[in-house]
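Reading through the structure tokens given below for one structure.
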Amino acid sequence: MPVVSITLLPGYAPDTQHRMVNRVAQAVRSVIDTPEAGTTVFVNEVSTYRRDGKVFSGGRAAHPVASEVVQSFLQAMQERDLQKAQSLLHPDFRMCFPGSVVMHNLSELTAWAAQRYSRIGKHYEQFEESWQGDATVVFCHGTLQGTWLQGAPFEGIRFIDRMEVRGGLIYRQDVWNDLAEHRQA
Amino acid sequence: MPVVSITLLPGYAPDTQHRMVNRVAQAVRSVIDTPEAGTTVFVNEVSTYRRDGKVFSGGRAAHPVASEVVQSFLQAMQERDLQKAQSLLHPDFRMCFPGSVVMHNLSELTAWAAQRYSRIGKHYEQFEESWQGDATVVFCHGTLQGTWLQGAPFEGIRFIDRMEVRGGLIYRQDVWNDLAEHRQA
Amino acid sequence: MPVVSITLLPGYAPDTQHRMVNRVAQAVRSVIDTPEAGTTVFVNEVSTYRRDGKVFSGGRAAHPVASEVVQSFLQAMQERDLQKAQSLLHPDFRMCFPGSVVMHNLSELTAWAAQRYSRIGKHYEQFEESWQGDATVVFCHGTLQGTWLQGAPFEGIRFIDRMEVRGGLIYRQDVWNDLAEHRQA
Amino acid sequence: MPVVSITLLPGYAPDTQHRMVNRVAQAVRSVIDTPEAGTTVFVNEVSTYRRDGKVFSGGRAAHPVASEVVQSFLQAMQERDLQKAQSLLHPDFRMCFPGSVVMHNLSELTAWAAQRYSRIGKHYEQFEESWQGDATVVFCHGTLQGTWLQGAPFEGIRFIDRMEVRGGLIYRQDVWNDLAEHRQA
Amino acid sequence: MPVVSITLLPGYAPDTQHRMVNRVAQAVRSVIDTPEAGTTVFVNEVSTYRRDGKVFSGGRAAHPVASEVVQSFLQAMQERDLQKAQSLLHPDFRMCFPGSVVMHNLSELTAWAAQRYSRIGKHYEQFEESWQGDATVVFCHGTLQGTWLQGAPFEGIRFIDRMEVRGGLIYRQDVWNDLAEHRQA
Amino acid sequence: MPVVSITLLPGYAPDTQHRMVNRVAQAVRSVIDTPEAGTTVFVNEVSTYRRDGKVFSGGRAAHPVASEVVQSFLQAMQERDLQKAQSLLHPDFRMCFPGSVVMHNLSELTAWAAQRYSRIGKHYEQFEESWQGDATVVFCHGTLQGTWLQGAPFEGIRFIDRMEVRGGLIYRQDVWNDLAEHRQA
């Protein structure tokens, strides 16, 4: 046990269904101590469905995968494709960087970063998702490498990003890293 | 839609079942764009269950809530109850602090911290869980307040902890914060 | 076929569950030409249920049986227990009698009837319910017997009542009968 | 709650399935006080089904909608298309009109009516169905308009028809109206 | 896969439910090549059930285990408790022994056997059931040991019994063995 | 009751599904005393299925029908098509004939039989299957007809075969018959 049956309207892509059975299995296994071997989840498609006095004929849209949205954003930033990066941001986007520096758009960020290092890259160790109903929060951590303003290189400096994704767009980015630890030294 | 039916062996506490329906609903809603009003999850208890050639008569244990484990640990640390804090750590526990400082036991941590501040407290804004099957990762972020070694007070300094919980014990703790940003200044 | 599974929260009386499986079977058989022998309906009680972001622990109230409400009303009228009859009427109650006579309270009705016959009784042949979601409409037909104002007896005069029941109270009563046919003759 | 799952053999038209989920929802809501928002009904098609020692490969026929059968009959009568009207009647058809006038075929009815009014039409307010397993009873009420034998017009005279439909044919028609009330005056 | 859900009325003993999930798993695995690990069967008890126009409140009786009936019979025969053995036989019981010897009651059998050996015992290797709907056929095979009429002992002589069980009683017994092979030698 | 729902991955042939619902019905009816009319079994195909951490997209192979495997083998033997008969045998095939004669290949059998009769044929009365999880055991019984070595004909001599089928191949054959009874006489 457990056996989980997910009843859906027809029309969801296999990929969406796979993601759903995987996530539901993980949610269930976060609550009870059951091995993978004993965890069964399947999707059953109905032919007609009625709720709230209405008959529905097709399911609602699938969300994009939140960590893929975040990866696309991070890659666009890396490639300095600010237009693409901007397209993945929620109108109310807000970011917060070390030192409690709060910014709202990417040009601000670029200007702020230019005062701290001349080049920066990220090596990602892990993307992790927290499913919270209306939002999915993506955490990614890894290490930074780059060049200080004075030209000295750095690498292996720890960072973590917390990215709140709502409706497929990044609503909030919070960044922590050890740059100051190293700058200091 | 969707309608999710979770079939369980009898014997899980109501609290465990509530947690399960809530988490499964969140997992489902992380995949498709369905409102709470259209998301139905229920638990159905079977009277007899057979898998893998065996008949089971009662469910497996429920996990403790990972963020509660983390909260207990953090509170024990705050209250300097190192014995209780230690009891919540996995035998292979490992922690990593700003500057890539890796430690394995709490007395190391106490000694290290004593060189950085004379007193520290945490104000928690949010605990967030990432359900990953065999592990649940708890992220908590908020602000630090305390006193520098030189006696000056500080407060509102951002931090985030990443705590990996396995089998009800903390396996790994990673800490990021802005202390260096402020110490520097 | 068909096999109908009704999943309910626990706590509904056996009587309520019986009524539900019977009515659902009738609803299904009104749509497809399936014999009783092939029509299976059962009630399954869940142990935990969540919808619309809330976990529910017990079901909602059962409605009184609409045709029993109507029968109680008709019997109270027959026994001239106007207080009891009144207690079964919706605040917005409205009745309509032959000749499009619209009245709103039972004393009006008594006065109106006193001009048409000195005594009246009803013999009921059938109570039939139409299930319409927020309302159940009860139709009852049969024959009237009684005494005309001039003292002559009558009997076997056809009538039909249409009674709209909402929230367990009679919202509207419409009456048709053949009294005028016979009065005329 | 409730969640109702209707398991059917494949092959029923979407329209039939829609009708079924709607009617089942109404039947359920006639028993318990549950809002539309909390009432979920869906149809699940099986791929193989066995009962009574036999494997079935397709569902049985859908019934025509009883109130549509009645409407077709009433319209054919209105248009004096007696042949079409007759085709909708059960071989054992029996009708009963005000004054307990019992007739069995449409020509009798035409002759009888000719002695009461020279022209008649019906304005329908509502068609209501009572689902009773082997039969569905359709009630329709509204007002009559037309011309008396002497040439005077009338309108707004209340009527109600009770039509018992079995196997898609009208088995019995009972009619009540206020014509005598008005003829008298 | 597969996942098999058996919906039962309440009241069946745990032992009966265990037997049912085991047998259903075996039936399923006789058709498709699925390992035990992937075969899930559970019993779900309903709270109300309606079929064929009737509401049922408790399940029907469980059958005795057919191979246990056969074992009781064989043991009673071994212990020469003919009364008990007889009580396990169907009124239409018929047995057929090597040489197509047909008998209907146990005293016939005793007389017939007395002409063939002075003592006989059975060593059972296996009881196997064939589930056939209205009947379960039990096959048991093993070896015979005993004493010939002339006093010589024998052992290890192969036999097989085919026992048809209907309604908990043995309806027919067919016996094959190698006694003649050995008598001959 | 009962109502049995078998949830399968898509892709099993209708024939396989029919066999499965039939066998499951027989397994259920071997345990409880329920008539065919009250025994409902259906197959429900899922669109996505996950167990043991893996998402499966199609079902596993269906087994050949064990009694058909046995019939093919017996017919090939009858037609002296030893190559075909051999192809239906498991590599570890073992047979045991009256007198505890154990053999492992068909040529041994042919040689052994040649010493006992010059011609033999089988008339089958019944094939019966015992479903045992990893194996299905097929029992067939009937009568033998043929010619003794000395040329005399025989017929109507009882036999029973027990054939253990694993993975679609015959693993073991045990044979009992009354030939010795008759040879003796």
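Order of writing sets the labels: A, B, C, D, E and F. Residues in every chain begin at 1.
Rule of thumb we're sticking to: a residue touches a chain if its C-beta (ideal position, glycine included) is under 8 Å from a C-beta of that chain, and two chains touch if they have at least 3 such contacts.
Every value quoted in this text rests on a predicted model; they were computed, and no experiment measured them.
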Those chains which touch chain D and also touch chain A: B, F
For chain D placed onto chain F, the superposition rotation in degrees, Cα atoms, nearest 5: 120
Duplicate of the A-D contact set - from A-E, B-D or A-F, the pair where over half of the pairs recur: A-F
Most widely separated chain from chain A, with each centre as the mean of CA atoms: E
Distance-maximising chain from chain B - centres being C-alpha averages: D
Interface residue identity across copies chain C, chain E - same or different by half: different
Higher-contact pair (C-beta pairs counted), B-D versus B-E: B-E
Distance from chain F to chain C - Cα centre to Cα centre, in angstrom: 62
Between chain C and chain B, distance of the C-alpha-averaged centres to the nearest whole Å: 57
Rounded Å distance, chain A centre to chain B centre (Cα mean): 19
Shared-contact residues (touching 2 or more other chains) in chain E: 1, 3, 5, 7-8, 20, 25, 36-37, 40, 42, 44, 46, 49, 51-53, 133
Contact graph of the chains (line, ring, star, complete, other): other
Full enumeration of touching chain pairs: A-B, A-D, A-E, A-F, B-C, B-D, B-E, C-D, C-E, C-F, D-F, E-F
Footprint of chain B on chain E - complex, ascending: 5, 8, 14, 17-18, 20-22, 25, 36-37, 39-45
Touching residues (chain side chain F, partner chain A) in the complex: 7, 44, 46-53, 55, 57
Touching residues (chain side chain E, partner chain A) in the complex: 1, 3, 37, 40, 42
Residues of chain B touching chain A in the complex: 1-9, 12, 16, 19-20, 23-34, 36-38, 46, 49, 51-52, 56, 59-63, 66, 96, 98-100, 128-134, 136-137, 139, 141, 156, 158-160, 162, 167, 174, 176-178, 180-184
